[in-house]
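You will see two complexes here that share chain A, one where it goes with chain B and one where it goes with chain C.
This part shows the complex of A and B:
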């Protein structure tokens, strides 16, 4: 494995991690109105395959945000308690949108690195082509 | 040093440098890894077509095989070029 193919491997792991993150964010957004839903958070982990091997990135275990959900007053709701409140999800749409925009930006940065790696290797081989 | 000793020296050094067995083994290893890369790309493409593969894995495999093919083609062109250069040599 040369450095170029290693770089491609690392970049692809970054793309994959960001795509996974985006999937969890979309699950949060889709469940923003689900009563009792706890938003999922996912952390990234560096993966060291061994000496001489490139350090890739992967998503760690999915964790649930333990904060309480929004209390919504709706006495007719089947889940409402005696006081007429029920617990909604603890998803904050603003946070999810900001996170997904960040995932998009990082994804784009990784795509750029992918293109750059290919361009550099092509430039190297062009030296032999005359 | 006359022309004969010069010639025999050169022949000896060429024979020592090439070592056909070691070179062939190294080349075979490289070709095996090359064909493994291509086979990997092919497998990923098949899996992606049947819809049960991660697109990132497909893109990675195809980019790796593109790199490998590009290397092989450049090497082949260089070897053919050198061969033609030898053929053109006035005898």
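This part shows the complex of A and C:
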């Protein structure tokens, strides 16, 4: 029985981590046209609680991608410098979409695992019923 | 009749093993995107059954019941070479497969327990 509660705990941590990642990805996508915006990235970290405890997952600190943003030529823009360029965001929509696909896939796998664990423990309880 | 209890022992061990395997797959799936994470594997029931059945206590009379050695499971950390660029060694499809297998083993074990209990109850004169 302890295994099932461990599994549910671990799965819940996975769901939470993927949801956090998806939130940062949608922030990046929403700010794809914001001048000077740096895309946010989160790394996953394995949390080892001790022997007998499951290794849960959590998101690490939010980091900013230091690469330079796209230089856009628009002399009439209020942020444009003397050469007529201004710096856009460094968000690459393709990367964000691919990342969110991966997050979705893992999220769904975790959700399926959650349901399956629930079903298994329900089967165990059904033994007590006559 | 009491020899039959070994059926219960074995099926309980199978259910436990299925639970452990399910927990291991859940952990692997949760860490499917964690850099440097190594997949966890629990040895199958078949492997532990084979190693345990050799250590059964010998009985001198057929009326004596020999207790089988308890089934032991070990967690193994899988070191796979074909890891992702970030050092993660979890294969999503393999884990889903493992979880499905654990689920079917668990259902199997619970069915055996249920029918054994039914037989016991029947032999006690209750329906």
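Here is the rule we use: the second predicted complex is superposed on the first by the 128 of 130 C-alpha atoms of A that agree within 3 Å, B and C clash if a C-alpha of one lies under 4 Å from a C-alpha of the other, contacts with A are read in each partner's own complex, and residues count from 1 in each chain.
Simple rule for what comes next: a residue touches a chain if its C-beta (ideal position, glycine included) is under 8 Å from a C-beta of that chain, and two chains touch if they have at least 3 such contacts.
Worth saying up front: this structure is predicted, and the values here are computed from it rather than measured.
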Chain B or chain C, by number of chain A residues touched: C
Which superposed partner A:43 touches (first chain B, second chain C, both, neither): second
Partner chain(s) touched by A:54 [first = chain B, second = chain C, both, neither]: second
Touched partner set for A:4, first chain B, second chain C, both or neither: both
Partner chain(s) touched by A:19 [first = chain B, second = chain C, both, neither]: first
A:94 touches, of chain B and chain C: first, second, both or neither? neither
Partner chain in contact with A:106 - chain B first, chain C second, else both or neither: second
Contacts on chain A seen with chain B and repeated with chain C across the two complexes: 4, 8
Chain B contact footprint on chain A (complex, rising order): 4-5, 8-9, 12, 15-16, 19, 114, 118, 121-122, 125, 128-129
Chain A partner contacts - residues on chain C that touch it in the complex: 15-16, 18-20, 22-23, 25-27, 29-37, 40, 92, 95-96, 99, 102-103, 106-107, 110, 113-114, 117
Chain A residues touching chain C - in the complex, by the definition given at the top: 1, 3-4, 6-8, 10-11, 13-14, 17-18, 21, 43-46, 54-57, 102-103, 105-106, 109-110, 112-113, 116-117, 119-120, 123-124, 126-127
Parts of chain B lying in touch with chain A, wherever the complex brings them together: 54, 56-57, 59-60, 63-64, 66-68, 70-71, 74, 77-78
